[in-house]
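For reference, the structures are reproduced in the following blocks.
Below are two complexes that have chain A in common, paired first with chain B and then with chain C.
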Partner chain A sequence: MISLASIAQSFLSGLAEGVDYSLYCLGLAFVFGIMRIINLAHGEFLVLGGYVAYWLLVIWGVNPILAMPVAAATAGGTAFLSYRIFLQRIRTTSDLNTLILTFGLSVFLANLFIECWTADIRNIGVDWLEHPVALYGIYMSVGEIFTLVISLVAVFSLHFFLTRSKTGLAIRVTAIDRDAAGLAGINVNRVDLMAFSIGGVLAGLSGPLLGMVSHISPGAGLAVTIKAFILTVLAGVGSLLGLVVAGMILGVGEALTVTFTNASYRELFGFTLFLMILLIRPRGLFGKGL
Partner chain B sequence: MGIVLAIPFMLSFDPYYISIFIPAIILGAVSIAWNLLAGICGQVSFGHAAFFGIGAYASAILVMKADWSPYFAILAAGLCGALSSLIIGLPAFRLRGAYFALLILGFAEVMKLLAMNLTWLTEGSQGIFNIPSLPPIQLGGLNLEFFISRTTNYYVASFLMFVIYLAVYFLRWSNTGLAMAAVHGNEDTAAGIGVPVVRTKAIALAVSALCTSMMGAFYAHYIRFLSPDSAFDAYWSVMPIVGSLFGGMTTIIGPMAGALVITSVDEFLFKRLFETGHKMFFGLLLVLVIVWAPSGLLGNRIRKTAHGAEE
Partner chain C sequence: MKMTRAIVGCVIVFILIVWLVAAHAAAPIKLGAHAPQTGALAKHGIEQIKGIRLGAEQFEKDSGIKVELKVYDDESDPQKAISAVEKLAGVDHVNAIVGGYGSNLVGPASEAAERYDTPYLITGAVDTKLSVKKFKNFFRLNYMPGYAAAQSGAIKDLLGAKKVGILYNSLSATAEIAEAVKSQLTAAGLAVPVFEKFEKGTTNFKPILLKLRDAGCEVLLVEGYFPDYVGTLKDAKILNLPIKAYIGAWGIGTPDFIRELGPLSEFTYGTSVWEIGTAPKEAKEQEAAVVAGYKTKYNEEPSYIGMLGYLSAKVMLDAIKEGGGESGAYGPEKTRKALRELDVMSPMGRIAFDEKGDPKYFVAILFQTQKGNQVVVYPKDRSTGQAQYPGVPWMKGDEKAGVSR
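What follows is the complex of A and B.
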């Protein structure tokens, strides 16, 4: 028999994990919303950030929180270079080309990780992050609360950057109409380069968090990319705040699936959810239609 | 095609080298099937490993648990693959854009998980051992034996590939095939002149999945061992893309040629350079080809001659 307390516990930890999900997929949702490019290498950028934090911790004992800017910069730099060297050249051709290109990047990076750092599963383990906190009989670790806060801060700052700053305005205008933006004096190529790099930075930022709350491995990127795309579609393309809600739905759904059935059916929930959205409401919960 | 038949002679029937080329031929056939969907109908699939694995498992289970003859099981496995493809194809094809590509990526992951977790059916991650090989066939004076002879397996794989090539070739130039090309060109225009867009895409997907699953089933009876990791290996998703792009997506034979060239280079060069991470070259190759040579190895040449004919 499953007690009410354990349901509440899994509900809450699902909620917390769901907010983390919204950070994991923020970069992909942002790039997709602005540039209409689905970055299939998103998960690998994220894993790269995780590895940077992991090695900084293992070799120099750097605190993973201090390592986050470095991880973000590394992944952002990789995204910058990928866009500059490859993506830019085929930006205006068919969508499928950019899809295949980023898929190629993802295969390349994932196998580069295997070659350099073996296929071992790594966890960024820091003692004080494991420390439990009791709230009305429900337990959360300091690490979980910490990642929750970071995720919320990141989502809201990106939202305000887009809606309040001048650069954000330029990015949104470019997303609506490239040609008109170009005529209005916006350097659309630079906006694209910036948007893609920001996507990389966001992915790199969340890598250490993934390594802290669960683990990273060379193959982990694919699952992240799939989950990120499911959330983007569930939230509705272009709705960044909707991502938090969508993340919570997925997180809670997965947690309850694990409680009621079997941990191995966890991923099945996301996929079924994805099929349902496509059938019932393809524009997503908060999307304005395609 | 002639080269395919001649490869065993060039390798003087050395079982080791032939055993390298059997998966290459299987891959060539899968690439042709993949390219029917992507190159002709314009729908890129990132998860053909799902159909490959479904075919392999379906055939192995039918033979071992229901005592079917492997030959019928291979056909039935093809149908299983085609049916499963419609489950994702029909919802996804109603929508524009990359939904199909992403949905099938998730589908492959989910299928692998199911194969790991439905232990009563698939033996889980432990895998299925001792799958029977194809029973011998007596063709006149010729005795085709599959258990030991690599050469027989090689030629039967080539035969299957040739059948798939012919099927795709005739489908390509049938009315449905022309409709597929129209959908690839521009969906709105195609719908405007009366092409049933969703149905056309679904047919391309189902045929592609059917062929892929049959090759998967053949693979199961050749290799005689299945595990979720080997049958649903991302290799079967990635390599048809690499092969097709490299060989030329606008052609029918290009994907096969591309797959054969890439597996040979992989086997004799990449694997010797980097043992564990050799697959990163496939990713790099995808990137380089799509940016600097999107028409591929054979595509370029064919386009040039077509231009010459016009002038």
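What follows is the complex of A and C.
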């Protein structure tokens, strides 16, 4: 017999995980929305951020929350270099090129992680962040609360950056019509470089959070990229706030599926939802132009 | 002229001597190995190959026979595992193959080894279905029944629990052990009100763990892998799950596990084939030599996977040598015969194979992590200490470690 408290707890855990999902996929959705590039190395940029936080924690005892800017900068820098050195050169010829190149980049980074940090699974664990907080019999860890807040702040900050700043406006115009943006004096190559780097920064920001709520390993990036891609399609291109709502629907749906049926149906829920959205509303739940 | 004849004569004699010595010295052994060096199982595969390299080196030193070790990365992918075996047997023409990790990789790879008629000794695949085809080249050092018996035996005899919740990863080996433990527990009169399968990659375990809380389970048994333990332990701590013991299948409580999880690893139970100090008394000396050799070579202590890798190389090389005799005329039939006749004591216990290639005497040990150390608590005859029960990592100070059992 499932208790009411368990249903509420399950709902909350799904909600928290859904918001995490939205942060994990923010960078991929952003790059896809602006540049129409499916960055298959997105998960590896995220894992890189996680490793940076892990390293800072193990060597200097830096709290993973405080390590987030360094993690974001490292992943952003890697994305910047990747775009300048590789992507910029092949982007104009075929869309498939970027897919193949980012896939190659993901394989390279995953193997680089093995060389640098071995294949061991790493846990970014700080005792006080794992401490549970109880409210009316419903539990959440301090780390989960931080993760929830940071995820929401990141999504809303990006939303305001795109809608309220001149640079954000330039990015949106470039996403809608590159030629028109170029004629209006916007340096579209610079916008592309900036957008890809921001995608890296967002991925790097999520890395420490992934290590805190779950774990990081060299192969963890692939699962993140797949989940991020599903969520991007669910939410629809161009809706960052829709991404949070879609993340919550996915997270809560998965959690309640486990509660009321069986854990083995969890993934089935996500993929069924994905297929239904593709059939009924191909542009996604909240899809619209930027 | 005489001088020239003398020189030519000396050269001929020298060549004859060299030829005679070479003809009577044993030929080098070509040993093939495959294991995941990249991908999801890389952590285990890397340790396995470390052990295999050490085993090959020590064999060379002890026997004086050169070992040409050829290693391929199967990338944690069944198709690549088949390719690795095909290359080792068909292109490199190795005398035998060791390695392989994960039942889903070893299953198809063992079919390739059989097609190429190459003896194949594996250590990291425990699914009982792997040996039902009775391949003549298939041999393994450990398999599932030995793990299941240790878990159900400890829950029943040592902990005396009445209600057990079992969560298991959907992969074949973990699903099989979960089914086996469940049937052994229910046959002994214990209740298993929660028996749930989860998919690889699950990160939110709270909805499943809440079912254990509602059902009043005393013991949580997780048949999974490292990431599954990390997820379940973190979520169980957040929920303050009211259980008395947490048991994992394999790969739990290792030095890496304790290093990464710290206090969250305390009081957890796990099964293993071997841990430092658990060798039977007849194999204590061998265990010490392997541990010392591993530390010298890699600057770290061997995990049980490293030990399995070492033993697989040692057993296979000894069998090839034994089959080939002094002349070094190695052949698959001779190696298989030597493996079937083998009966030796090792750090993980007695090694001998049945007609299907399964280990005749394999029994796992159950240990509990106590203050960062692995204390073997079951079976009693191999135990190195007592179980602290109830005991879970998230217990408050005054509740911790109630009774020693």
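Just so we're on the same page, the second predicted complex is superposed on the first by the 279 of 290 C-alpha atoms of A that agree within 3 Å, B and C clash if a C-alpha of one lies under 4 Å from a C-alpha of the other, contacts with A are read in each partner's own complex, and residues count from 1 in each chain.
Basically, a contact is a pair of C-beta atoms (placed from the backbone, for glycine too) under 8 Å apart; a residue touches a chain by one contact, two chains touch by 3 or more.
Since this is a predicted model, take the numbers as computed values, not measurements.
Novice: Could you classify chain B and chain C on chain A, in the superposed arrangement, as clash or fit?
Specialist: These partners clash in the superposed model.
Novice: Between chain B (first) and chain C (second), which does A:Val70 come into contact with in this model arrangement: first, second, both, or neither?
Specialist: Neither partner.
Novice: Once the structures are superposed on A, label A:Glu144 by its partner contacts, choosing first (chain B), second (chain C), both or neither.
Specialist: Only chain C is touched by A:Glu144; chain B is not.
Novice: Pick one for A:Asp127: touches chain B only (first), chain C only (second), both, or neither.
Specialist: In the superposition, A:Asp127 contacts chain C only.
Novice: Using the superposition on chain A described above, determine whether A:Leu241 touches chain B (first), chain C (second), both, or neither.
Specialist: Neither partner.
Novice: Given the touch rule stated above, what does A:His215 touch, chain B (first), chain C (second), both, or neither?
Specialist: second
Novice: Considering only the touch criterion stated at the top, classify A:Phe229 as touching first (chain B), second (chain C), both, or neither.
Specialist: first
Novice: Could you look at A:Gln9 and tell me whether it touches chain B, chain C, both or neither (first, second, both, neither)?
Specialist: second
Novice: Which partner does A:Asn262 reach: the first (chain B), the second (chain C), both, or neither?
Specialist: both
Novice: A:Val173 in the overlay: touching chain B, chain C, both, or neither? Say first, second, both or neither.
Specialist: neither
Novice: Chain B has the stretches 26-34, 44-52, 116-124 or 134-142; which one runs into chain C?
Specialist: In the superposed model, chain B runs into chain C at 116-124.
Novice: Determine where on chain A the residues touched by chain B overlap those touched by chain C, and list them.
Specialist: Touching chain B in the first complex and chain C in the second, residues 110-111, 114, 118-119, 223, 262, 264, 267 of chain A appear in both lists.
Novice: Flag every residue of chain A that touches chain B in the complex, lowest number first.
Specialist: Spelled out, the residues of chain A in touch with chain B are 38, 40, 86, 89-90, 93, 95-97, 99-101, 103-112, 114-116, 118-119, 222-223, 225-226, 229-230, 233, 262, 264-265, 267-268, 270-271, 274-275, 278-279, 282, 290.
Novice: Spell out the residues on chain C that touch chain A in their complex, using ranges where they run on.
Specialist: Those residues of chain C that touch chain A are 37-40, 42-43, 45-46, 76, 167, 170, 196-199, 201-204, 206-208, 210-211, 213-214, 226-227, 230-231, 234-235, 237-240, 256, 260-264.
Novice: Could you please specify the touching residues of chain A with respect to chain C in the complex?
Specialist: 1-3, 6, 9-10, 13-14, 17, 110-111, 114, 118-123, 125, 127, 130, 132, 134, 139-141, 144, 213-215, 217-219, 223, 251, 254-256, 258-259, 262-264, 266-267
Novice: Can you name the residues of chain B that touch chain A in the complex?
Specialist: These residues of chain B touch chain A: 38, 42, 44, 46, 88, 91-92, 94-99, 101-103, 105-107, 109-110, 113-114, 116-117, 234, 238, 241, 245, 274, 276-280, 282-287, 290-291, 294.
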